[in-house]
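These are the structures, in structure tokens.
Two complexes follow with subunit A in common, the first pairing it with subunit B and the second with subunit C.
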Partner chain A sequence: MGVITSRQLTKSYRNTEAVNQLTVQFNEGVITGLIGRNGAGKTTLLKMIAGLVKKSGGDLSVFGEDPLNSLKVSANSIFVDDQLPLPLEFKVKDVLKEFERFYPNWDIELAERLIRHFSIDLDALPINFSKGKRSTFNAIVGLAAHAPLTIFDEPTTGMDYSARQDFYRALLKDYLEHPRTIILSSHLLNELEDVLEDIVLIHDGQLYLHETVTSLKEFAVGLTGDSSELSSVTSKYEVLHKKDVGLNQQYVVIETQLEEKDEEHLKKMGVQITPVSPADVCVYVTNRENGGIDDVFNRSKHV
Partner chain B sequence: MILNHESMKPIYIQIAEWLETEIIKGSLEVDDKIYSQYQLADLLNINPATAGKGLTKLLDDGIVYKRRGLGMFVTENAREQILLKRKNETLKVMVEDLVKEANYLQVSNEELLRMIEATRNKRGSD
Partner chain C sequence: MSLTEVSTYDVVKKQFMLKFKAFSKVFTALIIAQIIAMLFSAGSSSSSGGSFGSGHQLFQFYYVTGDIVFTFTLIWAVAIPYGLVKREQRTIDFTFVSNRITNHLSNFVFLTVMSLVGALMAFGSSLLLRTLQYLFHTNVYVQSSLTFVEVLTIISVMFLYILLLAIIGYTMALLMNLHAVMKVVVPVTVLGFAIFTAVSPIYFLESSLFLLFVKVLFTVLALLGAILMFSDRWEVR
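Moving on to the complex of A and B:
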């Protein structure tokens, strides 16, 4: 079931479309990762869903309503990014107290426990925090709100590795206790793919793919071996990525899984078959038109 | 149980195989309750949908049965079924790989069998 549904949704800033006729659906009760390159339109989309930005065209429905100026949407959702505007004189403990008034499911006990775990001072002013600490604080607030729709836009910006691991773990544990719709945009898909159920990949303001993490892991396979051996087989498949990895050795990523007889043949030829992570799949499919970074340096191509 | 992300095996298959191994070892016996989807998710730090997929596979294969509202339990002939499947699938593939490598290295049949025997003797009955 789609708790969020968009059809031909568009947001233009002057002459550019940040979100361009995007049709997508986010499933209720699912943790979805929103993935895309810088400037793909992730933040704009999330802000429209949260009712913070006005759409330029198309349809958008959240809990059955247009989210802009919707009381229902603002009461049932929280949007967390690295800003989370707060009054300047608010201490951590003031924020914890005030949020209780806005969010009916506010879990003050969880917030306090997390604050303690991350060694955040209750009397400190969030505006004085370092980037990572501020992100951690915002993420805590986002979790403890227990909003039916919880949106995190790049929640781990500036967090160190250990804080990020703790956040993913806290997110999962809290979700197990309080299942709800969670959308999380991030560039660190490798780190958090295990806690996600769905992945939505957007590119140039449009939907590129919407898959479960499980099927995205089987979306492509990597083959490493002798170039001529490989090309005899890979010509049948859609090639997503190709790279020289030694004398007459190539690494080729193909879409879909290998047919059994091809797999046997390649194995016999000593070709290594390896999985391709969802993060790499996302890079390869969005690189398709422009080529990879190596092509920038491949001057012979531009003559 | 540690998940292997570099493996070609999907996570949910790894979970199913892990629970099967626990049944072979006898840590889980007939009619024992196995982990719930949520316990597995917590234990392995994975999304409950992935954990649920692993359990569904065991259910489909007849390794566990479901009791409404109570959870999933090990079926009567689960162990035999797993042993048979491992022999016919996993072991067969390993033998194929072994033979392939032996041929590649020009190891004779007798030599290969001697190596297997020596390894079995050394390892005893584990």
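Moving on to the complex of A and C:
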């Protein structure tokens, strides 16, 4: 069940393609993490979904409609980023009142409780907030709107660690009480593993992965051990990532789980087998072609 | 979670209310403009003089009118829309519920209401100006008292001209936002058009209220239609 479906969706700015022939589906009633490096096309994709930016090609459907100029999409979705333009002289309480008029599901109680928790002054002007505080305020608005489609674009920008943890918890609790489709773009996947259900990984405007977090946790395994012994086994597998860790020792990440006999064989040779976190999987998958940062400094490769 | 259905009318209404709150300083600007205009009027009313009789009886007439007040109100009407379509303001609707059409429609409703308030205030100011002159100067000759129909006519004419300039200002502001060069090209072109072509007399020399109403209505609707047709081309954020 896709509340949002795109087919061959493209958005180009002059010479660059921010989103390139992207075919993806976001499932209804699920918290999906949109993960990607800087410039992967996350924000552009989300803005097209929210109807803020016009697509250059392909198909995009949200609630069964083209989101551009759709009042249905606008009324049933909220797009929160670190900007969220507001009238300059509106105080926090004015902003809350305004959202209440526009969003029928607006939960004024939740908004006020969260505002108190994060010690935000109702008479303060949001434009004077620090970066982290503004992000917190925007995130509160995004939660309290209870929009059937809630989009957070890098909501934690500038928030400190404890504010981020509070936001993740608030998001999860509110989601459990009011299940809805939530998309959250971020590059802090390691912090979000326990909140997200699905993960969409994009890179260079294209889809790399669309998995549940559970399956992504088993997507790859890491092996640490003697390089020559490792290579005899890993040649059979798709290697995602390779890194030298000390003399003749290597850390190799392979896609899919090990076959049983290989696992026993490796264990006998003293190879450490470790799980690979979803965040690392995403990094390795998107770095497949370019190699890691180590390769930049590895001069012998360039000669 | 069930979806809500909204109508264009509903959203435009809500956006208008939002704008009315967010742009209340527009009216402060108008009051300031009109006060400045009144100071100008008090200092330099148009005058004509002469002498008659054998005893060198010099006399001079001062016409006390609200012309400068009205002119300032017209300038205000062209300038204000520029603030409405500035990127920071334009994007605010989209923080809440909006599409490009409701965004323009609510701006249009706002400009209409703004023009009406502008007309009422310009009329009020010119009355105030005359009253002040009457109170503080001797030898004031009151031309005639205005009948209710005359008052309505004056306010209607003012309203139509203010609205016309407001919608022209809005269209200009949208075009000027397209590219930095347009910020020079558009005002110069429009000004040249107004001065050197026979376009402005069509509006400003019209003596029939009804025909003026038809002309303004036609122009406003034509411009609004063109804006809505091209509205998809604007990227929001």
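Note that the second predicted complex is superposed on the first by the 303 of 303 C-alpha atoms of A that agree within 3 Å, B and C clash if a C-alpha of one lies under 4 Å from a C-alpha of the other, contacts with A are read in each partner's own complex, and residues count from 1 in each chain.
Definition applied: a contact is a pair of C-beta atoms (placed from the backbone, for glycine too) under 8 Å apart; a residue touches a chain by one contact, two chains touch by 3 or more.
What you are looking at is a predicted structure, and each value in this text was computed from that prediction instead of being measured.
S.K.: Comparing subunit C with subunit B, which touches more residues belonging to subunit A?
M.R.: Ranking subunit B and subunit C by residues of subunit A touched puts C first.
S.K.: Contacts for A:Lys131 in the overlay, against subunit B (first) and subunit C (second): which applies, first, second, both or neither?
M.R.: The answer is neither, since A:Lys131 touches no partner chain.
S.K.: In the superposed arrangement, does A:Asp194 touch subunit B (first), subunit C (second), both or neither?
M.R.: First partner only, subunit B.
S.K.: After the superposition on A, what does A:Leu172 contact: first (subunit B), second (subunit C), both or neither?
M.R.: A:Leu172 sits against subunit B, while subunit C stays out of touch.
S.K.: Looking at A:Thr212 after the superposition, I want to know if it touches subunit B, subunit C, both of them or none. Which is it: first, second, both, neither?
M.R.: In the superposed model, A:Thr212 contacts subunit B only, not subunit C.
S.K.: Given the touch rule stated above, what does A:Arg7 touch, subunit B (first), subunit C (second), both, or neither?
M.R.: Neither partner.
S.K.: Classify the contacts of A:Ser74 with the two partner chains as first (subunit B alone), second (subunit C alone), both, or neither.
M.R.: second
S.K.: Let me test your reading of the model: by the given contact rule, A:His117 touches which partner, first (subunit B), second (subunit C), both or neither?
M.R.: Neither partner.
S.K.: After superposition on the shared chain, which partner residues are touched by A:Lys236: those of subunit B (first), subunit C (second), both, or neither?
M.R.: Neither partner.
S.K.: Note which residues of subunit A are touching subunit C in the complex, please.
M.R.: Interface residues on subunit A, with respect to subunit C: 29, 47, 51-54, 63, 68-72, 74-76, 83-90, 94, 98-99, 101-105, 146, 148, 178-180.
S.K.: Residue numbers of subunit A touching subunit B in their complex, please.
M.R.: 30-31, 168-169, 172-173, 176, 194-197, 212-214, 217-218, 221, 268, 273-275, 277
S.K.: Quick one: which bits of subunit C touch subunit A in the complex? Just the residue numbers, please.
M.R.: Listed in rising order, the residues of subunit C that touch subunit A are 1-8, 11, 14, 17-18, 21-22, 25, 88, 91-92, 94-102, 232-233, 235-237.
S.K.: Under the touch definition given earlier, write down the residues of subunit B that touch subunit A in their complex.
M.R.: By the definition above, subunit B touches subunit A via 3, 5-8, 10-12, 38, 41-42, 45-50, 53, 100.
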